[in-house]
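Just dropping this structure here.
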Amino acid sequence: MRRNLPVFIGCDASYDEASAALFGAPFDSTTSFRPGARFGCSAMRTESIGIETYSPYQGRDLSDVKVFDAGDLELPFGNADAAIREIEKFCGIVLDDGKHPVMMGGEHLVTLGAVRAAAARRNGLRVVHFDAHADLRDEYMGESLSHAAVIRRVWDVVGYGAVYQFGIRSGAREEFEWARSHVSTELFRADTAPRVARELSGRPIYITLDLDVLDPSEFPGTGTPEAGGLSFWELRNALMAFAGCDVVAFDICELSPHYDPSAISTAVACKLLREMLLAFL
Amino acid sequence: MRRNLPVFIGCDASYDEASAALFGAPFDSTTSFRPGARFGCSAMRTESIGIETYSPYQGRDLSDVKVFDAGDLELPFGNADAAIREIEKFCGIVLDDGKHPVMMGGEHLVTLGAVRAAAARRNGLRVVHFDAHADLRDEYMGESLSHAAVIRRVWDVVGYGAVYQFGIRSGAREEFEWARSHVSTELFRADTAPRVARELSGRPIYITLDLDVLDPSEFPGTGTPEAGGLSFWELRNALMAFAGCDVVAFDICELSPHYDPSAISTAVACKLLREMLLAFL
Amino acid sequence: MRRNLPVFIGCDASYDEASAALFGAPFDSTTSFRPGARFGCSAMRTESIGIETYSPYQGRDLSDVKVFDAGDLELPFGNADAAIREIEKFCGIVLDDGKHPVMMGGEHLVTLGAVRAAAARRNGLRVVHFDAHADLRDEYMGESLSHAAVIRRVWDVVGYGAVYQFGIRSGAREEFEWARSHVSTELFRADTAPRVARELSGRPIYITLDLDVLDPSEFPGTGTPEAGGLSFWELRNALMAFAGCDVVAFDICELSPHYDPSAISTAVACKLLREMLLAFL
Amino acid sequence: MRRNLPVFIGCDASYDEASAALFGAPFDSTTSFRPGARFGCSAMRTESIGIETYSPYQGRDLSDVKVFDAGDLELPFGNADAAIREIEKFCGIVLDDGKHPVMMGGEHLVTLGAVRAAAARRNGLRVVHFDAHADLRDEYMGESLSHAAVIRRVWDVVGYGAVYQFGIRSGAREEFEWARSHVSTELFRADTAPRVARELSGRPIYITLDLDVLDPSEFPGTGTPEAGGLSFWELRNALMAFAGCDVVAFDICELSPHYDPSAISTAVACKLLREMLLAFL
Amino acid sequence: MRRNLPVFIGCDASYDEASAALFGAPFDSTTSFRPGARFGCSAMRTESIGIETYSPYQGRDLSDVKVFDAGDLELPFGNADAAIREIEKFCGIVLDDGKHPVMMGGEHLVTLGAVRAAAARRNGLRVVHFDAHADLRDEYMGESLSHAAVIRRVWDVVGYGAVYQFGIRSGAREEFEWARSHVSTELFRADTAPRVARELSGRPIYITLDLDVLDPSEFPGTGTPEAGGLSFWELRNALMAFAGCDVVAFDICELSPHYDPSAISTAVACKLLREMLLAFL
Amino acid sequence: MRRNLPVFIGCDASYDEASAALFGAPFDSTTSFRPGARFGCSAMRTESIGIETYSPYQGRDLSDVKVFDAGDLELPFGNADAAIREIEKFCGIVLDDGKHPVMMGGEHLVTLGAVRAAAARRNGLRVVHFDAHADLRDEYMGESLSHAAVIRRVWDVVGYGAVYQFGIRSGAREEFEWARSHVSTELFRADTAPRVARELSGRPIYITLDLDVLDPSEFPGTGTPEAGGLSFWELRNALMAFAGCDVVAFDICELSPHYDPSAISTAVACKLLREMLLAFL
């Protein structure tokens, strides 16, 4: 007798037949303001039943791609270093099997593990980063492994000019200064995504989506809402710019469902994940 | 001694003097994801005190029109067929008295009863449909009377080319395919409303507004929020396009107030109903 | 690669090795006041991580029993009759395999399917019923298959004197009158449970727990909260009275998690289910 | 065509046939901590559909008494003095018609108007007061008409020894000192209610129930929750002690529904009002 | 040992060194629909930790200006007249010390006290007013000191043509008629802000921001949400138009945090206050 | 000009005149289920305005004792070890000044710092521990500094027989086994508190109150609600048993206010802190 436990909608392929392995990374130990992103991946799986498998935007259905939902990693709680290594290890296995790892956070720090796995296997990896916050601190309250420093740590891996940020509208003065000479940052909007996508054509790309890049009105369920964000349409269009690219892996982070009793945040997260699965696989 | 129970703001005319009869249809038995639309009409009546009777958009006041608030129908719970017949019967009486029925849902299935009453009395009825979801399934989980099939059932009544959809952004692949040859559908937006309004000039129209056509940021209080929707302004403008038309009856559905503790959903529903009453009566 | 999807805590046995099969019945179509019990079983599975597998009350651990979590049934939405038949069928298979079916609702009507399966296999089945509401209407708003009539339907199956009610504190006058000559009812409390347990010793028993028998202060997350209920201790003690009995199957119903943002309702439901699994298997 | 607007459950008698007139007093302008009691009476009317008209405690049904639900008074907002006068006037009319006024607050200050009306018509009126707070300040932040001073103002009307308090567990030191020589106060509990009821036998009584006398666990939806309160059973028993008395009028106050998303507060308020109507009419 | 109590982020200057004194005015006694703005200033102080002190919009940091956070005024509760006088007195002291008073409401009526203080010290004061509601009633339910009449009262102080309104989209017919000949009102939007700013160049200005001018999707936490409002960007741009002007004092009102469990309303309020401090000091 | 920022009600003494220093420890990094206790101390300070300074239970007022509210410690986020050392250092200073440290958590791990400071200064320190959870794991998910291991760490400091637990009703089997030979544990209740208090008479005592020892009905706002807990009365009585003892320091932990929109949890926490301050200083 099989267990009929819910997977993310339409992601019911077996691992062997799948071209991608979707998994959850329920970790939020370094969140500094309002914790709760640990519940994001579970909420997305449960609530995904509220959306359709078909995208009228792309004219494709999740039945057209094959995705295996691996469930959640069991991450060593409170130990950022070990959690990142666990994620790196899992993504490595998936990549070595020739599949795309697709991660649902958790807080943004989980991205580091996935990027390390991808960068170790694909030379010249570029990282496309959607976020309200620059996440470029060298450390945060004394910790170098922090959600507020994650892109700085990612940069340690991929190096000069390999990070492209969109939608950034919050950070310390020092972050913006450092950004100018180390990464490519579009403030406030994501209008340059098509140009960047053309520039990155043919190169391996990791896409990390911190959902708080969306305006808080559309995505209230997050730890650190920051006004003046992207609309669903703006974000979707920017993401779609990378549809023809070589997207090795991607993630979607920082949904904190307890802060949104209406669950519109979870609903838009599910819809964006569907669109990304249909576009990047 | 009269009972001072709250009616929808400004709708305190007697039935005899009124040109429209507003009523509630508290029914949500076929809702498949998150139920609660049964509480929509009651919430609108209670919270309508938070808006003004005057519209600075139209320069008119609800005191300029005469509306009777009939309260709520007592619908046989859990029996979709009987509920629809009850609504049809009530609307028939109102129409036969030469007045406009104006319905507050409830889930979207309630529309079927009102359309049947209107179509039986006015030849060539056209149905203008604002919604996030196509609602064109032939059946849903084995049921032909379902919120997800309501416009298909409406089409059974009014026929080829008589349904005009706006704002649609969700549905099964089959629905979109069927739609192409049976109804008129504008995806994602409602820009063509003025053109459609001109086309329908002189014909009897039923307008059904599933409030989830609004973006979830503006209308989180609904069962199945779907990102990428219309703004209040876009919807208001599209509705106003039909201001000079022969609007026989109209409805406003799918407010599920328990999912929105801020009650901005109820507030925008009340405001839209005020604008519709001022424009269509 | 296995899927690491969450089961109810400690219920990770395979079907073959298990002595019980736990499953969810996400159905609430006949709920008359506030719907949402459809989300109960899913919430229990997700939130069960907040309790321990060990019971200091009984000195036993869920690792001492073997339970298979089968996930949720896919119930034909909006069709009470078919849903009940689906549940009856599943329970029949489990019973025929010599295991205990353990059901997480859903609304209380789901009990009917499980009782039918058990009664068909065990002569002289007795039903022990904890509830705030008598649920003895012959019909409710014209429907004979309704949450408000479920114990009346159960009585149709098991007959005179085979139903024992505890904690009842709400119902129509007619229900209480009918109860007097057809079932055994303890009003308001459950003090007589030990005596009833002795009386039922040796007989096959089905135990149905409508969680709203608890006081709303301890269990606010339910559709129809009714003041003056049992405490956790009173309910636990009454349930434990049946620990030595021949409990064929049991269920736990009417958790509606959306009405309780603190989730204390889900937590107490999980704890009670743990205690029941440890006591009755 | 009649308006089918919801009245408090079972209170659908006409004014002429009724022995009591139930009405709402939506006022909370003097609330000092968390406002919102203005929404109490409306919530009770709407949510009363969740309880039954029959009481298994008393074996009586609301159909056995005749109550007219007058709806809500339109109270001059922000003007405590005028609001109290409005309430006094309405209660006077009801009393002069030989009926019982039954008031749903609103904050506790509304009691003053009803007591004034009753005291003016019945010599030797006694006031029975259930509350967590003494409400005996001579003024509060400079205002003599304040929710925190209401029983002091009531005492101004009815005089030495005419006020009986139960359940009091909060107040300034001065209030408790003043209480000792002016009113009868039972701290923390309501065990003396039967003795007081016997003492007041034959005398006209006004009963005012500030619902925060209940424990916050059973009644979280109030402005100033105070731990260590009465249970539903304790309060019900204390109230029932006055069942045979000459209860001229009574009220139920301080439900602030927005603070309780589970609505168990509204449910227990409705149930208590039902019990009071059945016991005192 | 110093007390480490939270001030608004970055506002930790001493009074003497500061160029502005920020303070809270926790008053909402005249609110007519949903109260709770009394909690706004406290929430802003507590939640401000979620934003950065640096503005990437202006390239400035709160460490570049010197602001003293004076905490909250202790306003005589329920007495609008006395509360306004208290605010006027405090602002007078700050102004006489050559500093800017910056007020966090509270309901909008608190503005009257601050305007009186400013107008008494600066001839020809102009008032720039962002709001969804005209607030131009001569009285509201008999009260001349009401949130719904506050700008009319402000006009009594500053006179013909000295009030400039933006974003107005709600009011009684009479208010709009009166507005036409007494104040300057831009309906629905704030596009004319740059032109008005140029017009007011060199004149002393008071800026009052009723946060409900924002669209309810971005600012749900307010007493009277009114659909069709400004976006953060539109409001920010309009405010920035006054950056070079002689802004004597300003306020930010009508945040009612209890109505927004996601706290995006508080977050956007904090961000706007940061931008205003950086632009106007 | 002084800052009028809110302190805990009645705790406005200067440090020099005070006999106790109250402070907040906003830390919850090791919480394993639902985080948020970091917001507990701030909520208690803000909401304490809802209770009175006078206790009718003890006949004393907070004006009778002198307490300095030091505000919140700035704890190095995500680094449990450093946070504990910071707390230890602060408590050491207060103790060396001859005053009582009184700590508002934060999660329970913060207790370790305070106990270390007290044990270093008072030989033979005994620890009185109220909690639903044993907290006696030697490690939790690999971490020895964890909320689930805090009392085990405390035991490392104070040794055999020096820990007295009350109300414990949850833990792993191993914890209960270890407890039997190392600490004194009363399961489920706190009836033995008077006897323990007599036993500890004359010895220095540290009291740690994990508020989840209360029943979840009275205290829903916590990370891991566990049914079957103490009532306010039971807990208050148990605490009062230690009123005559030599209480060196004490704490109150694990309020997670975001999980309780009614804020009854914060209210009971404030009331208990008031009672403790009045009893132990």
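Should a chain be cited, it is by its letter among A, B, C, D, E and F, assigned in written order, with residues numbered from 1 in that chain.
Note that a contact is a pair of C-beta atoms (placed from the backbone, for glycine too) under 8 Å apart; a residue touches a chain by one contact, two chains touch by 3 or more.
The structure presented is a predicted model; accordingly, all values stated were derived computationally and were not measured.
Q: Among all the other chains, which ones are in touch with both chain D and chain E?
A: Both chain D and chain E are touched by B, F, going by the contact rule given at the top.
Q: Fit chain A to chain B on CA atoms, both being copies of the same sequence, and give the resulting rotation angle in degrees, nearest 5.
A: Angle of the fitting rotation, chain A to chain B: 120 degrees.
Q: What's the farthest chain from chain B if centres are computed as the mean of the Cα atoms?
A: F
Q: Can you work out the whole-Å distance between the CA centroids of chain C and chain F?
A: The separation of the two C-alpha centroids amounts to 38 Å.
Q: Take the average of all CA coordinates in chain A, do the same for chain C, and state the distance between these two points in whole angstrom.
A: Chain centroid spacing, chain A to chain C, equals 40 Å.
Q: Show the residues in chain E shared as contacts by 2 or more other chains, in ascending order.
A: Those would be 34, 215, 217-218, 259, 261.
Q: Every pair of chains that touch: which are they?
A: A-B, A-C, A-E, A-F, B-C, B-D, B-E, C-D, C-F, D-E, D-F, E-F
Q: Which of the residues in chain E come into contact with chain A in the complex?
A: Where chain E meets chain A, its residues are 49-54, 56-57, 61, 215, 217-218, 232-233, 236, 261-264, 267-268, 271-272.
Q: List the residues on chain B that touch chain A in their complex, please.
A: Against chain A, the touching part of chain B is residues 33-34, 168-173, 176, 187-188, 215-218, 220-221, 224-228, 259-261.
Q: Note which residues of chain D are touching chain E in the complex, please.
A: My answer: residues 28-32, 34-36, 38, 76-80, 82, 140-143, 146, 258-259.
Q: Which positions of chain B touch chain D when the two form their complex?
A: 1, 3-7, 15, 21, 42, 45-46, 68-74, 93, 261
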